[in-house]
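Two complexes come next, and they have one chain in common, chain A, joined by chain B in the first and chain C in the second.
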Partner chain A sequence: MLWLGVAYLGALAALLVTALWTQNDFTGQVERIWTLENFQTLLGVEVYRTITLRTIGVAAAVTVIDALLAFPVALFMAKAASPRLQRVMVIAVLTPLWASYLVKAYAWRVVFATGGPLDELGHLFGLGTPGYGLPATIVTLAYLWLPYMVLPLYAGLERVPDSLFEASADLGAGVGLTLRRVVAPMLFPSFVAGSIFTFSLSMGDYIAVKIVGGTTQMLGNVVYDNSGAANNLPFAAAVATVPIVLMLVYLTVVRRTGALEQL
Partner chain B sequence: MKLSRRARFLLGLATAVVLAVVYAPLALVLLNSFNADKTFGWPPTGFTLEWWRMAGESEGARDALLTSLEVAALATVLALVLGTLAAMGLRHTRFFGRNVVSLLVILPIALPGIVTGIALQNAFGTMLGVQLSLFTLVVAHATFCIVTVFNNVQARFQRLGGSLEQASMDLGAGPWTTFRLVTLPMLRSALLAGALLSFGLSFDEIVVTTFTAPDTVQTLPIWIFGNLFRPNQAPVVNVVAAVLVVLSVVPIYLAQKLSGDTAGAAAGAR
Partner chain C sequence: MTLAPEAPRPGAGTAGPAISLRGLTKRYGAVTAVESLDLDVAEGEFFSMLGPSGSGKTTVLRLVAGFEEATEGTVLLGGQDVTAAPPYAREVNTVFQDYAIFPHLDVQANVEYGLRVKKVPRAERRRRAAEALETVRLDGYASRKPHELSGGQRQRVALARALVNRPRVLLLDEPLGALDLQLRREMQVELKQIQRDVGITFVFVTHDQEEALTMSDRIAVFNQGRIEQLATPHELYERPASAFVAGFVGTSNLLEGDVARTLVGESGPFVVRPEKVRLGEPAEGLEPGWCAGEGTVLEVVYLGATTHTVVRLDAGVRMTVADHNDETVAAPSGDPANGAAHARRDQRVRLSWRRDHLVPLAGTAHEEESR
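Coming up: the complex of A and B.
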């Protein structure tokens, strides 16, 4: 706990402080002069605004796609599968989590490659592969974080008692109406719990973006490029505060739903 | 739930499709490691074991693998000790609100890895003036591994309470004997689960590693990433990827042996 408190929070605080410093263009050294310049650049320059909005858009798209894909799987696991099949399916969903992150991103690079499987499949319909870019990035990220959405939804659905479904059906509601009016409100905290992962992980990603994103830039790339090649650590720190602030706002908002207890 | 036969069938179909999409890319990697075509054209033109032989002789990959194992082992040990101590220290104290603690534990999981990475790099480099080394890398990995150990141990404490240890003390055992003979066996499977998760997380970690490792220390993910964009190395990278896909079954198998509650623990991996 001390470690977490001191090392982690200390490092975060130091990061915020660094964001307020400046860099000597000549020597590339960090100079301890207080300035808001980095945040002015971040907010004022068009490119960074676009990248920030794009990042939020991608993270939101990934979250929605994951929720749509995860829901039928979770519902099947929780309410339609036999106990034995349930156990097998939990393992089936968990196994890809242990497969290396890089390997999965790499696998999608192969899928999207020119002359790859998707390209061949597309030719049947007179299309090619969409190639590396924003769509490939969203698909890959949605793929990477899918289990993080399936598992909370599954746990949430397990807790919805069967009698509620029967009561709803007895009162004349069809399956669709029951899902919308009874299950959806009860499942919302689980969705939020899953979305914390899908949203946050997508927002900070820069590796998958580099592998399948072509020239697409996300916030993570800006942080990485500035801390590495450009060597402007204060600016990178300022950019990194964007996901921190967004996540803190998000966590505060969702605290009321009780989602945090489900993590 | 009373689902109609049709609804059941449609759900099952949707699930099967999603799972197929989940496993197809992984299967493709395995298949391509035997693909004779060097650029992995589809469909495969022939079968070859040449890539596997090349990968076996690749020194870069072997060194990176050893480094990864070393870092993961060190970080896991550090996380086990500190995570357990933290959970034990917090067990009886209520000096600050539970909410603060729960938020603090969630933070390293909820914030993107790049934030953790750059924050630590900044702390090491700009603030403390420590040169990046294997040591800083292990410390960085331990920081997020502690969370998994802490969560597992704390959940175990909450479930079992402290009556066993009180009984041990009443029977005249000192704190150390109690810890060794009562607390530790009580925590055994929680610690194993935490260690498994920590090891897996550290072994696979690339983002934080990029920021806190010196150029001379290459873990396996860094090696893969570095060679990913070199057409010449593509077949070797693919074989390494295939090996990692196959190896990912091992922790799942171990987790299953460790009984049911581990599956739940694995869910909260990050």
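Coming up: the complex of A and C.
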């Protein structure tokens, strides 16, 4: 516990402290002068506001897409598949997590490339690839974090007894109504668990955007560029606090619903 | 789906059967769970399906509810063929063994679920839910969450949730199995009362013979996917049709072959109930119309209201005798199971019973163990 405190919270504290310092424009040295300048820039400059909103939008879109994709998969795994197929599917869902992040991101780069598979497919309907940009970023991130949504939903569905499905049907509800009135509310805590992963992972990402995002920038890129190329650590730290604050807000909201207690 | 299921309870058979099963068969791969079953359940009847686990009784219930698809045969509800209809299109409701209460909804919302799904207006929903909760004596619990209820209360919610829809038939899948004995006895009486009050046909699945005898108008005894006997509780107990029924419903003494020839003079098979057998001293005179045999007491089992004495007859059969403990006797020290009024272990005794208490069984056709 102590280690966790020192290593984790310590780093976080250092980050926040750094965010309150400033940088000498000429030497590039960090100057330990207390100031809110970094946060003023962050809130005041239009482009950072846009990037922040874009990042939230991407994270939200990824979460929604993952939930929509993961639900049928999880439902099939938990309620329709034989025990054997169930195991196979769990492994199939987990395997991509072992593959290198970069390989997967570059695979999507190939998919979205001009003359790539998506382009070819699109031509059949008179369309082309959307190219590198926001849509490609969302698709790639949704693919990357999908397992983190499938697994909690699957675990949640496993805990819904079959007799509840039967009871709902018995009382006159068709499949759609049962999913809406029984399964969805019961699965909400699992969805929240999954969304914490998909949302926060998407919000912090900067590599996938680099690879398939074209010129699109997300908060992660700003952090990366400022800590690397621009060598403005205090500002990078200030930007990095944004996702942290957003996640804290999200967790607080989620906690209100009581979903965390049921994880 | 056109008849109002609220009609007063008609005499058995007058309004046509509530459920008719014809040639109903269910196979799981090579295993036959239900074999070519024909069965009619009358409107307003309390009908029980009794049998050991794996005898097919629950499968029949699930076939009627629509949770399982029949391999062969038809299911008719109120004369309408529903064999292919999904559960939500059938005019039956089920009380599940594990109650299947929706954990995220309070009692009120659970009970209203079926009405809500059928888009019954809110005011009527309220009224009917309140009525149903009153029927199961849960008024005042409407806003409780399922996890705040005891097992017995959850069971009542499940019952109310089914009854509120006024189904043509209510299916109950071992609903009392999870309750303790005291509560189970209470619920048995209450279920019977509720059934009489609402006049809905109840089909009750159980493996507890006492439960079935207590509540039912008629009982079907299941064994290996078939009905061994279909009869009233009285008939079932007094005139079991097979050794299986005799053994499953109450305790019984089976006499067959050489044993029967020695004791009765015919080869049988016969059964005689323990309470119809009299325990006496050896070499008492034999009245006309009685059969008797001598033997040695193996065990004396004190059961409170009755004492069972297990005797090994010289003819080569074990028989159980049940005696009412209608005298207050202090148990002799050292052997609490043996009241002074009863026989002791290893004592020589004579058992006798009236010839007309012997129930002849219809051969041993149902006893095949070949499957």
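Methods note: the second predicted complex is superposed on the first by the 255 of 263 C-alpha atoms of A that agree within 3 Å, B and C clash if a C-alpha of one lies under 4 Å from a C-alpha of the other, contacts with A are read in each partner's own complex, and residues count from 1 in each chain.
Note that contacts are C-beta pairs under 8 Å (C-beta built on N, C-alpha and C of every residue); 3 or more make two chains touch, one makes a residue touch a chain.
As the structure is a computational prediction, the values presented were derived from the model and not from experiment.
Trainee: Based on the shared chain A superposition, would you classify chain B and chain C as clashing or fitting together?
Mentor: Taken together on chain A, chain C would fit alongside chain B, as the superposition shows.
Trainee: Which of the two partners, first being chain B and second being chain C, lies in contact with A:L97: first, second, both, or neither?
Mentor: In the superposition, A:L97 contacts chain B only.
Trainee: Classify the contacts of A:G214 with the two partner chains as first (chain B alone), second (chain C alone), both, or neither.
Mentor: Neither: A:G214 stays clear of chain B and chain C.
Trainee: More residues of chain A are touched by which chain, chain B or chain C?
Mentor: B
Trainee: Scan A:A169 for contacts with chain B and chain C and give back first, second, both or neither.
Mentor: A:A169: touches chain B and chain C.
Trainee: Quick one: is A:V182 in contact with chain B, with chain C, with both, or with neither? Answer first, second, both or neither.
Mentor: After superposition on chain A, A:V182 lies in contact with chain C alone.
Trainee: Identify the partner contact of A:G133: answer first if only chain B is touched, second if only chain C is, both if each is, neither if none is.
Mentor: neither
Trainee: Quick one: smallest Cα-Cα gap between chain B and chain C in the superposed arrangement, Å?
Mentor: Superposed model gives a least chain B-chain C C-alpha distance of 6 Å.
Trainee: On chain A, which stretch or stretches are contacted by chain B in one complex as well as by chain C in the other?
Mentor: Chain A residues touching both partners: 166, 169.
Trainee: Which stretch or stretches of chain A touch chain B in the complex?
Mentor: 1-5, 7-12, 14-15, 18, 30, 69, 72-73, 75-77, 79-80, 89-104, 106-111, 113, 115-117, 119-120, 143, 146, 148, 151-152, 155, 162, 165-166, 169, 175, 196-197, 200-201, 203-207, 211, 220, 223-224, 227, 233, 236-237, 240, 243-244, 247, 251, 260, 263
Trainee: Using the touch rule from the top, collect the residues of chain C that touch chain A in their complex.
Mentor: Touching chain A from chain C are residues 65-67, 86-88, 92-94, 96-98, 100, 102-104, 113-114, 116-118, 161-162, 165.
Trainee: In the complex formed with chain C, which residues of chain A make contact?
Mentor: Residues 161, 163-164, 166-174, 177, 181-182, 185-186.
Trainee: Please name which positions on chain B make contact with chain A in the complex.
Mentor: On the chain B side, the touching residues are 1-4, 7-8, 11-12, 14-15, 18-19, 21-26, 28-29, 32, 39-43, 82, 86, 89-90, 101-116, 118-123, 125-127, 139, 142-143, 146-147, 150, 200, 204, 206-207, 210-211, 221, 224-225, 228, 237-238, 241, 244-245, 248-249, 251-252, 255-256, 263, 266-270.
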